[in-house]
Structures are given as C-alpha cells and as structure tokens.
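Have a look at the structure below before the remarks.
Order of writing sets the labels: A, B, C and D. Residues in every chain begin at 1.
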Amino acid sequence: MRTYNPEIEEGALYAALLHDLGHYPFSHTLESLFPRHEENTVWTIKHGTIGDVLREQYSVSEFLKPLKNSVVSGDIDADRMDYLVRDAYYTGAAYGVVDLERVVGNLIFEGERLIIGEKGLIAAQNLLLARAMMYPTVYFHHTAKIAERMLREAVKIEGIPLEEIRLMDEIDLVSRLRGSEKPEVRELMQAIDNRMLYKRAYCSRTELEPGTLGELETGLKEEFGHLALLDYPPKPKYEERNAFVKACDGLKRLSEVSPLVRSLVDMKDVHWRWYVYAKRDVIDAVNRYVSDFL
Amino acid sequence: MRTYNPEIEEGALYAALLHDLGHYPFSHTLESLFPRHEENTVWTIKHGTIGDVLREQYSVSEFLKPLKNSVVSGDIDADRMDYLVRDAYYTGAAYGVVDLERVVGNLIFEGERLIIGEKGLIAAQNLLLARAMMYPTVYFHHTAKIAERMLREAVKIEGIPLEEIRLMDEIDLVSRLRGSEKPEVRELMQAIDNRMLYKRAYCSRTELEPGTLGELETGLKEEFGHLALLDYPPKPKYEERNAFVKACDGLKRLSEVSPLVRSLVDMKDVHWRWYVYAKRDVIDAVNRYVSDFL
Amino acid sequence: MRTYNPEIEEGALYAALLHDLGHYPFSHTLESLFPRHEENTVWTIKHGTIGDVLREQYSVSEFLKPLKNSVVSGDIDADRMDYLVRDAYYTGAAYGVVDLERVVGNLIFEGERLIIGEKGLIAAQNLLLARAMMYPTVYFHHTAKIAERMLREAVKIEGIPLEEIRLMDEIDLVSRLRGSEKPEVRELMQAIDNRMLYKRAYCSRTELEPGTLGELETGLKEEFGHLALLDYPPKPKYEERNAFVKACDGLKRLSEVSPLVRSLVDMKDVHWRWYVYAKRDVIDAVNRYVSDFL
Amino acid sequence: MRTYNPEIEEGALYAALLHDLGHYPFSHTLESLFPRHEENTVWTIKHGTIGDVLREQYSVSEFLKPLKNSVVSGDIDADRMDYLVRDAYYTGAAYGVVDLERVVGNLIFEGERLIIGEKGLIAAQNLLLARAMMYPTVYFHHTAKIAERMLREAVKIEGIPLEEIRLMDEIDLVSRLRGSEKPEVRELMQAIDNRMLYKRAYCSRTELEPGTLGELETGLKEEFGHLALLDYPPKPKYEERNAFVKACDGLKRLSEVSPLVRSLVDMKDVHWRWYVYAKRDVIDAVNRYVSDFL
C-alpha cells in the first residue's frame, strides 16, 4: 500500500496485516456465539507470541491504535480491498473488478478522516458496489448460509468454551465435532460432510418482534430439536458512513456525490429475509408449525 | 444469442446484426449534424445491396419491425451487451465485466415487453451500472470529446452533404478533410493529427436558456471563428425505461426492485457539464469572453 | 465435454468424474507409501456406495473400462485439461491459458486411439507445454516439496494402515497426526503448522545407484532420525506417448509434427535434482555427512 | 522498464520509444518494396522535428547507438515484450501471457551482452514460445497474408516513391489507392474493401531455386496480371541468437539450458509454405498453370 501512497503510516500496515488474527474457525460463522473477533485479536496480540515481537518496537497500547485507522477498519479499508477482489476472482463472480491502485493512490489523510481524491471517486464507488453485489450472491448464498447455520448449531450443542475455540483452526474444530460424544453433533457434521444439507422450510421478509422471535426459537427447539434451525440475520449495512470526497467545491460525503453510493442505504432491505431450515423429512411439519405459530 | 435463449426470434438476430449499418464515420460524433443513424440504417437497407439479400426472405417493411425489438433497441439490448463489455476490455477499464450468458438466458418475451427472470436480475443490473460508469470515464473522456468537437467543426465548415457522408468511411472522411480547400478545415485536421488538441477554456454546470445558448454560440463564432468551440451536450439518461423483472410477487419495473438502478436517474446531473474549448493561444481571451457574456 | 464433442461416449464422462475417487489425503503426496490411487479408485467403486449407483446402469467391470479411455487417462485427457488451467488460474502463474474448447472440439476417436484434428494442434501442444511449465514452477516448488516430504515422514512414522488412510480426508489425517502419541510425529506436524519447515541441506543433479541410495537413506536415518529427510524423486516425463495428429499427409505422432512437443523429452533432466532436507539446527552436520558419504 | 530494472540506461528507454518511427503504413506489409524500416527510423530522427528535440540532450550519432541496445533490438527486447502480449490480448489468442515484470527484473547487463538471471528463465522462455505461437496463428493467418499481398501489389502497381510513402499513414495510403488512376489498383482496393479477397490457388512446402522462382513470377504476371499473386515468404526464424542465462554453473546460451527454446530452430520449417493467391474466377486456371509449370 505504501508504494502507491506513501502517506499511509507504517503502523497501519502492521495493523492491516494482524487485524484478523482473532478470527474463530470459519471466519464470521461462529461470531454470534462468542465475543467479536476484534476483541479476540486484541487478546491474541496481548497474550500471544506476536505480542513479544511487537513490543520490540511498540508498546501494545500504542499498537492497538492503528487497528482503528480508517485504512484498517472503515468503508474503504485494506480488508475490503483485499477480500472483495480476491473472492470475486476465486468464485468467478462477474463483478468485483476494482482498480485498487487508483483507490489507494488517491486516499488523502487529514487527521482521523479518510478522504478520497476526485480521481479515485469512481474506483472507490466501485469498491462499495462490489461489496453490495458480493453479499447477496456469494457471501449470503443460501447453500453457504445453511451449512454455516448447521455448523453453528453443532458448536453450540458441543458447548466449546472460548478459551478452547480461540486457539482452534478449522481442522481442530471439524475433527472435534466429528468425534463428538453427542449424537446430534455427529449427525449434523455427517450431514455437512455428506452434503445432505438441510433445506429451507420457511422464508419470510416480515420482521419479528424480539419476543415473538424468542418464542419461535424456543418452540422450534422443543418440537424439533436440532432438526429445525432458525436463521434470523441482522439487516446488512451497505452504506458508507465515513468516506469523504475532495470535490472542486469542498469536502463532501461520498454518498452526497454519488447517487449509486447513496442508493446502497436501500439495499439492506432488498435481499433481507429470515429462514427456518430443516432436515428433509421434517420440512413439511416445520413449515406447518411456523405457519401456525405466526 | 439464440443458443442461450431459443425464444429470441430469428429476425431479431439479423436486426441486431444490421441495426448499426447507418452509422456515419466515427460513430455518434457527427450525428448532431445529420439525421439520426437509425434513419440512415433504414435508408441503407432499402437502397443498398443488403436489401436485395433480405428481400429473398422478408419484405423490407416486415424486416424493419425487428429493428424495434426490445433485444435490438432497449435498455437491455444486444448492442449494449456487445459494446460495453468489449469497450471495457479494450480500454482496460476496471468495470464492464458482465455475465452476458446469464442476462440473455434469463430474458423472457411476453409480447412487446422485455422481462428479466429473477436469476438474471443482478447481471442485468450490472449491465446498466457498467453503462453508467463507462460514459463518464470512457465515452465522455475529455480528450475524446475535444477531438470529436474539433472533427465536427471541420465537417460543418467543409459542408459535406448527407448523400456523400452516408457512403463514407473514416478513411474517406479524414482524407477529404486533410485535403480540404478551406484552410480552417486543414488547420483543424492538422491539430487533431499532431495531437495539438484544443484545451478547455470554460466549464460550467449551469444550464443555459436556449436563447442565451444561441447568442453565446453566435458570439463565439464571430469573435473567434473556428478557434473556440462550444460543447453543450444533452443530459445523458442512464435510467431504464422498459425493463421489467419477474419477481415472486408479480411483474415489477427493474428500478422498483433495484435501488442501484433507481439511483441511475440521478446520475444524469452528476457528471454533466458544458464546455468551451479553444486553441491554446486564445484560451484566456475565450475564457474572458464567456465570463463577460454570462 | 460432450457439448463440444458429441463423439465422446457417456461412460467416459462418468469415468472422468470418478477416476480420482481413490486419492489419499493431499493428492499424490502419500502415494509412494501406499498402492497407486488408481487401484484405490477401483476398490472404492467396488466397495463404496457409489458402486451401488453405478450398478443400476453398468456392471462394474464394464464401467472400469472407460477409466482407461484416452480422454480419461492419456496425454490429452480431461484431468489435465481441468487441473492445469485451474491451477494456473488459482496460483496466478503466467501460463496455463489453454483453449480447451478447441482441444476438445478437435478430438477424433478411432478405436482406442486418440487423434487430434489439425485445427486443434496448437491448442493441444499448449496443453503439453503448460504442463511442462507448471511442474517445475508450481507442483515441484521447493516449499511444497519440503512440506510434503515432512508430512510423508510423519505418516510413515505414525504407521497408518491402508484400510484406515483410504477412508480419511485431510482433516482426519492432520488431526490424527497432531494428536499422535509419537513425539517425532507431533514435532513434524508442529513444524509444518508453524511454518518452520526444514531447509535444503544438500542438492545434487547426479543420479545415485540404487545401492548407494539405500545406504545413504539408512545412514541418514541412523544419524539424524526424522531431522534429515532424503527426497530422491523419479524423473518426470513430460513427453507425449499416445497422441496422434491428423495432418494433410496422414496420421502422425504429435511429437513428429511439433518440435516443441518433441523437445519435452529432454525436459525431464533439466529441472531434476535430489535433495536432503534438514531441520535448521542440523543443516551443516547433514551437509557434511552427505558430502563425506558420497 | 527502469522501475523494474534500474540498470537499464535512459537512452535505451528513448530508443525503445522511437525505434519504430520509420514504419511504413501497415507495419511490415510493404517492407519488401522499400528499404527496411530501421533505416527509415534513422532518416526520420535525422530529418524530422523529433531530431531537434533529441539534439538538445544527445548528438544524433550518440543517440543512434541505444537503438542497437539488446533491450531495444534483440531476442528479449522491449518491442517483443510489448507487441506479443498486447496482440495476444487484443486477438484473444489463448497464449501470450508472459510475466513481463519478471523478465525485465531479471535482465543483467554485462557490456553488450544481455543476460537473463536464473529466476527469469521460464518467463523469458515463455516470451520466445509466445512468439513461436503468435506467428503461425495470428501474424501469418492466411486471411491477413492474402490481404497484405493484395495491398502490396496495389502499392507496387501504383508506383509510390520512397519520399512519399515514408510520410504517409494508413489513411493517406488507402485513400490514394482507392482514388488511383490505374484500374488494377482500384480493383485490388475494392476487393479488399468489400472483403472479396483472393483465394489460395496453389500451396507448396517445396523450396524453389531462385531462377525457377523468378520465372514463375514472370510467367504468372504475363498470364494473369494482377489477378494471380505469388507469395513466397522467407523462412521465419524463431530461435534465439543472443540471449544468455546465468546458471549456477556459469553463463550458458538460453537454448543450451532450455530444450523448448532449442526446439524453436526446427519451427521455421513446420509452418512454412508458399502460395499463389488468385481472384476467384481464375483459381482453377492459375492452379493448372502453376502445376504445369513445376
């Protein structure tokens, strides 16, 4: 990054490199069961061997600051530049081509604020658009979501404590679940391994009151156990919140200047739905149960 | 196209192939001086040898109908699918990657109406987005616009009649202008050939009344002749007008379903500006003249 | 494949799909410790649930024949067409772009023999060239080879029997080795996991007599145990053996027609070397030991 | 180039930029009728306005030296790096992907000699291979060769002198030929413009004695005039002549180290053929004439 923009401070490079250290196995899949991965990153830097290396040059508290740098964690950050373009390439998605050199080369740093020079405007806008397309088509692909929900259930039933899971990689976790003493866990893992994934038994765009949601979850659990899984995701946010553009007539929010970026606010509802997934032989029963419940 | 979607009628294929026959040299550059190229296409089909071939299978009036087919001339037409992806590839623009097979494969024909199946939604949306990005960055690139404006002036001064220009290709036209008897024409062509293009002497986002516009044009002509050229383009339209989407809850306009497509309406103002271009040695004088005039 | 060349028989498609069923974890890495994966594929088809499905349409012995089809196992086979292009894409190697449609579309089947039509000649030649470049740069990359040699040693020491390993996937194997009761196995796995790979302690292009090779191996084992690992690979064969080309003057071997393909025979020596890898702290001792030994 | 390899001297950059100044319209097409384009480049630098600019920093004779620099004119020169990769991209040929940064970054300059560092070996080899594939499939594509031969004939008949043609671009030339006073020239140009190209009437891989060749040419001219055109190309040379590689055991010729490069010597015969092209209605007569003659 610093080759293309020497204004980016060195600490930000290290922070960009290390900011995802705290991820649990399978990235964000298990994050709803444990503290957010960012807290884990801080824990790992403080307690892991990486901290010893960092302490040679920085105090840890000093180093934790660049982790909040807008290039490390913001609308137009190194993370997005990396994963969006990479994931588009490797999934073969017909979008996600972004002129990253142009984005990086046109970032201007004024204090805390991240500003995009006018020549980087369309490239930066493309980065946000790529994100808005990768989510519904790739990251929220229904097959991935079902498998993730099943894995989450297996981990929940297995009851792995934070101190263990934050040291596990994917191999440790899968192997542990495959060899679980609990038959439900083994059953869920076999279904994933043999690609006998659950199917959608119910789908809705109507939001539920927290109370209703809780009752539905409890009801499903009592009635069907691990055979019916509720997936009620938070609404995604595609809009930008902290990107500014240097236009001829002063500093503007990116969303003011770009109608396309402005429209991303409305995207959160477009593809949002909640689901109940179920094992194939109880799909009808589950559908009836949810329909009756609502 | 018919490989991917057998519903597309054969006549539409021929129409897609022939619809641009009527283009003048340098595509749309000269279109403001002559009848629209579509009229010319009809003339060419009626009077050219191509008409003889077509008449073996179709009556000409019958053939002119598929020229209006929504696959040949619409928001999601074969022309756009061709030129956007091709131009993005050849200019190296970091957008314009569109999954065309998916677009074509998901087109549904209900009478006159073009309908996009739900699985083609994001690909079709991408086509419209690619267009909204190619225009400001590639097609309306200022260097291209200046050269086009200069060429248009040379053609206007040379006074080539419709009967001649509609039979010319680029070689005929450039050669004719280079060898013109009028020194202004030769001068404009030499400036283009030697890449001594005019520069922007004035730029504005404020719309002008038709009267004011006419006066400014006349004034510039009297004062500077061919050395100052007004470029007051129409506002581009990026929005879709006739694309429908088959959603689970019935037929919807593409813009209803996609916030991104909806926002394209606002794009027409974002990049719109009018300019006065001038030869380098009169730039300041021209700028002063326009500023005083307004 | 059959879309591009309807002459390819259906059984060949299934065979192409299933021929790699018998692979051990980590592809060819462990193949020198166990029967070749092709034998395993046959075993899996005979004893696995896949066999039950196949038996609905084929007798197993009948099905095993297409496994030898030249499109499934030959110089220009579906396997190579798949993995070379895919691996080049995913490793970002600047070669491996092959016009596969042209290769497949120009395959001619005359009995057992695979023949390439003249129009497919350069594309087929490119496939063989891509292979000759992928091997030295990607598949035989020294980091990969060292890690593979270490893993092989861990599996050998652990002593996993064929009946177990042929049912394992990568997760089962790594997890088993990480949790091994033998400290050498755990040590090797930790070195791989922490990327503290062994380094090259010795490198040579001189072939060794089988006797000398055996003595060296035994000597190293006695002196250094699992800390020094001999890697004496067979010479790769890049040349084609069964591809024919239909030229205007009759059927010719591909290597007769293409000087480039002919030269592949000589490639086997160009990049071939044998190595001794060692843990960092014994590198010098190992180098001295091997030098003294030879 | 200097970004990737600072050893490359500045003069070589300018030379690389200017070395093709002397090309006639349509690149090498007309080179057999006039002095080689390199001589023209020198003439242009000496007499054109570009010379005035160069003389501000260099004496012209001093500047002509870098034109022979191995990076400007050699086996692994900037020209090839440019045109091969570019032409492959724009023609969509499934080869010609070369890791140019790696080639340039691994060039070593020892006096006059161009040496490739070991890490650049495969990339440099790929450049030579790409060339050996682009020639038969793209540059010597039969349609291109026929059109070029027809254009060459038109220029020959028109009799344009060197002083004129070296100042012409493609537009000047085509326009001049289209408007020629000689009916044969106009006829040849109309055939090209309407894509009614001549067809191959005769094809052979047998070399002809210079005397026989001359007689055949004269005979064809007398019998068929501009309706039959002999195309007897020199044998192409794909082999490298001046590229060295720094190997662990000293400096070697690239062809010594790479069997693939070595085999390029044999390529010159593989695709070589001579042809007689003829207007469609005399094809049979021409074929008979040539067959009888030989």
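By definition in this document, a contact is a pair of C-beta atoms (placed from the backbone, for glycine too) under 8 Å apart; a residue touches a chain by one contact, two chains touch by 3 or more.
Please read all numbers here as calculations on a predicted model, not as lab measurements.
Enquirer: Keeping to the contact definition above, tell me which chains border both chain A and chain B.
Expert: The shared contacts of chain A and chain B amount to nothing, since no chain touches both.
Enquirer: Which pair wins on C-beta contacts, A-C or C-D?
Expert: Taking the two pairs in turn, the one with more contacts turns out to be C-D.
Enquirer: Among the chains, which one keeps its Cα centre farthest from the Cα centre of chain A?
Expert: Checked the centroid distances; the maximum from chain A is D.
Enquirer: Take the average of all CA coordinates in chain A, do the same for chain D, and state the distance between these two points in whole angstrom.
Expert: Taking the average C-alpha coordinate of chain A and of chain D, the gap between them is 54 Å.
Enquirer: Between chain A and chain C, what's the gap in Å when you average each chain's C-alpha atoms?
Expert: Spacing between the chain centres: roughly 37 Å.
Enquirer: Based only on mean CA positions, could you tell me how far chain C sits from chain D in angstrom?
Expert: So the centre of chain C lies 41 Å away from the centre of chain D.
Enquirer: Spell out, as numbers or ranges, the residues of chain C touching 2 or more other chains.
Expert: Answer for chain C, listing residues that touch two or more other chains: there are none.
Enquirer: Which pairs of chains touch each other in this structure?
Expert: The complete list of chain pairs in contact reads A-B, A-C, B-D, C-D.
Enquirer: In the complex formed with chain C, which residues of chain A make contact?
Expert: Counting only chain A, the residues touching chain C are 90, 170-172, 174-175, 178.
Enquirer: Considering the complex alone, what residue numbers of chain C touch chain D?
Expert: Residues 94-95, 97-99, 102, 122-123, 126, 129, 132-133, 136-137, 257-260, 262-267, 270.
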